[in-house]
Amino acid sequence: MEDVQNHTPSVPMHIDRVGCRGMKLPMLVRDREKGIQQTIATIDVGVDLPSSFKGTHMSRFVEALREWNEDVSYASLKRLLVDVKRRLGAQRAWTRFSFPYFMTKAAPATCSSAQMSYDCRLTGELDANGKQNFLLEIWVPVMTVCPCSKAISREGAHSQRALVYMSVRMNAFIWLEDFIEIAERSGSSPVYTLLKREDEKYVTEHAFSEPVFVEDVVRNVAQQLAGHEHITWFSVEVESMESIHNHSAFARIEQDLETGGEQESERE
Amino acid sequence: MEDVQNHTPSVPMHIDRVGCRGMKLPMLVRDREKGIQQTIATIDVGVDLPSSFKGTHMSRFVEALREWNEDVSYASLKRLLVDVKRRLGAQRAWTRFSFPYFMTKAAPATCSSAQMSYDCRLTGELDANGKQNFLLEIWVPVMTVCPCSKAISREGAHSQRALVYMSVRMNAFIWLEDFIEIAERSGSSPVYTLLKREDEKYVTEHAFSEPVFVEDVVRNVAQQLAGHEHITWFSVEVESMESIHNHSAFARIEQDLETGGEQESERE
Amino acid sequence: MEDVQNHTPSVPMHIDRVGCRGMKLPMLVRDREKGIQQTIATIDVGVDLPSSFKGTHMSRFVEALREWNEDVSYASLKRLLVDVKRRLGAQRAWTRFSFPYFMTKAAPATCSSAQMSYDCRLTGELDANGKQNFLLEIWVPVMTVCPCSKAISREGAHSQRALVYMSVRMNAFIWLEDFIEIAERSGSSPVYTLLKREDEKYVTEHAFSEPVFVEDVVRNVAQQLAGHEHITWFSVEVESMESIHNHSAFARIEQDLETGGEQESERE
Amino acid sequence: MEDVQNHTPSVPMHIDRVGCRGMKLPMLVRDREKGIQQTIATIDVGVDLPSSFKGTHMSRFVEALREWNEDVSYASLKRLLVDVKRRLGAQRAWTRFSFPYFMTKAAPATCSSAQMSYDCRLTGELDANGKQNFLLEIWVPVMTVCPCSKAISREGAHSQRALVYMSVRMNAFIWLEDFIEIAERSGSSPVYTLLKREDEKYVTEHAFSEPVFVEDVVRNVAQQLAGHEHITWFSVEVESMESIHNHSAFARIEQDLETGGEQESERE
């Protein structure tokens, strides 16, 4: 049967990345408390393609994923990427796993516990020299109470849910829970799935004693990430779904800790 | 050229509705202040299809829309539906326009004004007897301050953005602005695009003097819709993006004002 | 501590449904092949609220879900609803679980197998008399080849992915897999996660030998649902992401099999 | 009234960008045929913030946008950014406008015309030295017919809608229409809003005479962008919503035409 993919393309240009996007699979990930937890990942996977080939072989990505069948970790993702490179005859391989991660949280006063989910994304790339590159992204909701509103008003202050987005590169393993905790202590209060009345009183009073702008939250998170021994680069963005507006406030800080100092934000 | 659509289908079953979904077009709608405003509508349009025809003629929906070329109103939508019925040789015709609607709002203290957009959806149907049926839907963001949090806490109260969804049937024209105003006076405060510091103080203090549950908001809106002389049926749903949780609270009330009394909610 | 929820509301109106929306939890569902499979559900849960109470007690919904802790089934959902009614002192209780469901599918020529996910939604309601009402919804992607394009063109025919949406009420248990199979034999071809070249040839040739309009697909599905001994009501909608347009074609049929005959589609 | 924003922050860190996100406004953009067209833009705007200030002044972004009130162009966006820098006392200013752009297209055989919309995004940044940087992004749907499926099958070939995403930096003005046309001649066929039967025949036959992989499309687009005298950098990504799968195929090429040669894709 003809292998059209191996034909010469009419435009002989190297393709940076070609592959499959949006496959869903059940997946196991490491859990600090329970050792392992099951989740569902949406997966993208791709390779580069030399200018001499018309097409890649898409079914091999699916086969590589099917055979792989490991818990998600840096080591196992590297094995997947090595296998993908080999199956596709490629120089570079790349993959991205997006999944919700569950953590059991105790309410602050009654200690009633319930599960909460956090969106995560793990991206891995293996270059032509076998050098690997990983990026971890995680989104953590928190509560913010506005310091300006509190200072100028006779009573109250507007509060809202804000989303802390962290994107990090590391030189050693760090638990997802560590990042969740960094974000949750950077707002006016963490948010919870289950709060009894005593907890709601605690959260309200605690949050009002710690009013923060979106600027404060992004700095609080950045300071902790910058001080972490195993983080080599990070970008933090906080988006606050303002309760007094129909739009959001946002703030972002990016730092390359290898080259040192604060980073000019990217051009775009 | 063969007209496959006119063939006999292998399964001779009447189709309730068949058509096109998701076409985008610039559109003019009536504006209480300016007479007319331009927006962009996402449009669905369909008809029924007798059991004797294999397919409908999709391009005729697009032609009907192109020729129609009117401002959006009940009268003009009826003309569109009459034309669609005729072009398609159908018994019934149906269409749905989804669009953002802009309104200029003045901040409560400084009166600084800015535009705010509200998502709207207008659905029209013309049945076999030429009887028309219209449904207007509109989504209005408001602010809510939690009465429980306020009552039990030494200081403060959590607040958040909530979305009021109204779905109404009417027997006479009502301005979109009227529905926006009904929703905006039913929460703890309206939300605004532009607020200077004096306005933020006003909104905070005003909102804290009017704490409401999602249940209060839905009742406040329902009471006003139930008392409106031109509304024959409505459904209201309020969703509050709780600042202390990562999930929402919601409440809904539906009433058929022609049959009278409160309505059992639909089965599903 | 004050229970503001028990206060008298300023607008004494019965609320049809009030509760929590958008909580995510790991969940087990019944699987025809493996007995059980793990997934992640997004959950809404609510009750009615009499006109004499200002608010419901939101944390009790979360507690009911936490204590429930069963596999998803009609029987277990009923137990959840009974418990929710009791905890909240309500007349009626309602819940909705949305989750992806995985099924292993073999490619048609090589029999290479891979998992595919299907979005499902199960809604249950328990009314004042303890009568329960369940609605199952499932979305199944298929491939369609256009019969008109095929008949009029010298070569080829446009094809695309289409999404079959089924909403059903039943009087006995039916496997999710049965609905998936009904939809997959109603298009030009099922779609697959893994196809080797022999499979792609098979799928292409098979699909081109079975060209169908969106109208044919909706009728093919409706005929099978109407003939199923345990289905009492259904609605089917097919949306085809036309490869020659940037909009979709859609068709829907709804039938109440208890009252008999074809159903007028709902007003809106 | 206290200006909390001017306080000293507890973490004295420079913030790369802080501002407002998700404001919607009616907007005028330049149109090659009609001179000008009205659309609706979703707007983000931000500035950097020195380590000595606790917060930025969010309302000034809204005021800048309100006063600006110009048609969207490179020159007018620069004026907006200069004004934002001045109002906020910032070193750098940044803005992003996302909007649908409409173009009237004639069907290939009957020349029946109808409007089609294309999603666009324009991002501008002004740095500390007043140097400006613009990025234009545009999404164009096309049709692809699979060359492999065509070569190996006795009859037919699967086709689908694919989305061409172009991101470009330029040193002179280029019409949006030029990019739309580049993308539309790079697939098997453009897609249309209105096609009569003669047109559907034409599109089908034309598309089947030009089968392309997602790899071919990305190369066809990249070749044209690379050869354009006013483009200094580009990234193209094509995503094909495979009609035989429930996932997509994608391919991307990025080139910096100032430094010359093909670009290693970014790390992540």
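The letters A, B, C and D name the chains in turn, as written, and every chain counts its residues from 1.
In the analysis below, contacts are C-beta pairs under 8 Å (C-beta built on N, C-alpha and C of every residue); 3 or more make two chains touch, one makes a residue touch a chain.
Everything quoted here is computed from the prediction, not taken from an experiment.
Asker: Based on mean C-alpha positions, I'd like to know which chain lies farthest from chain C.
Answerer: That would be chain D.
Asker: Taking each chain's centre as the mean of its CA atoms, how far is chain A from chain C in angstrom?
Answerer: That gives a centre separation of 30 Å.
Asker: What is the distance, in whole Å, between the centres of chain A and chain D, each centre taken as the mean of its C-alpha atoms?
Answerer: 24
Asker: Could you give the separation in Å between the centres of chain A and chain B, each centre being the mean of its C-alpha atoms?
Answerer: About 35 Å, centre to centre.
Asker: List, in ascending order, every residue of chain B touching at least 2 other chains.
Answerer: 1, 23, 117, 148, 152, 193, 195, 197, 201, 246-247, in rising order.
Asker: Touch graph of the chains shown: is it line, ring, star, complete or other?
Answerer: complete
Asker: Quick one: in the complex, what on chain B touches chain A?
Answerer: Residue list for chain B touching chain A: 116-117, 141, 143-146, 148-150, 152-161, 189, 191-193, 195, 197, 200-201, 203-205, 207-209, 241-247.
Asker: Sort out for me which residues of chain B touch chain C in the complex.
Answerer: 1-2, 4-5, 9-11, 13-23, 44, 46, 48-49, 54-56, 58, 123, 125, 133, 135, 147-148, 151-152, 213-216, 218-220, 222-223, 239, 246-254, 262-265, 267-268
Asker: Give every residue of chain A touching chain C within the complex, in rising order.
Answerer: Spelled out, the residues of chain A in touch with chain C are 1, 3, 23-26, 37-40, 59, 62-63, 66, 100, 102, 112, 114-115, 117, 193-198, 201.
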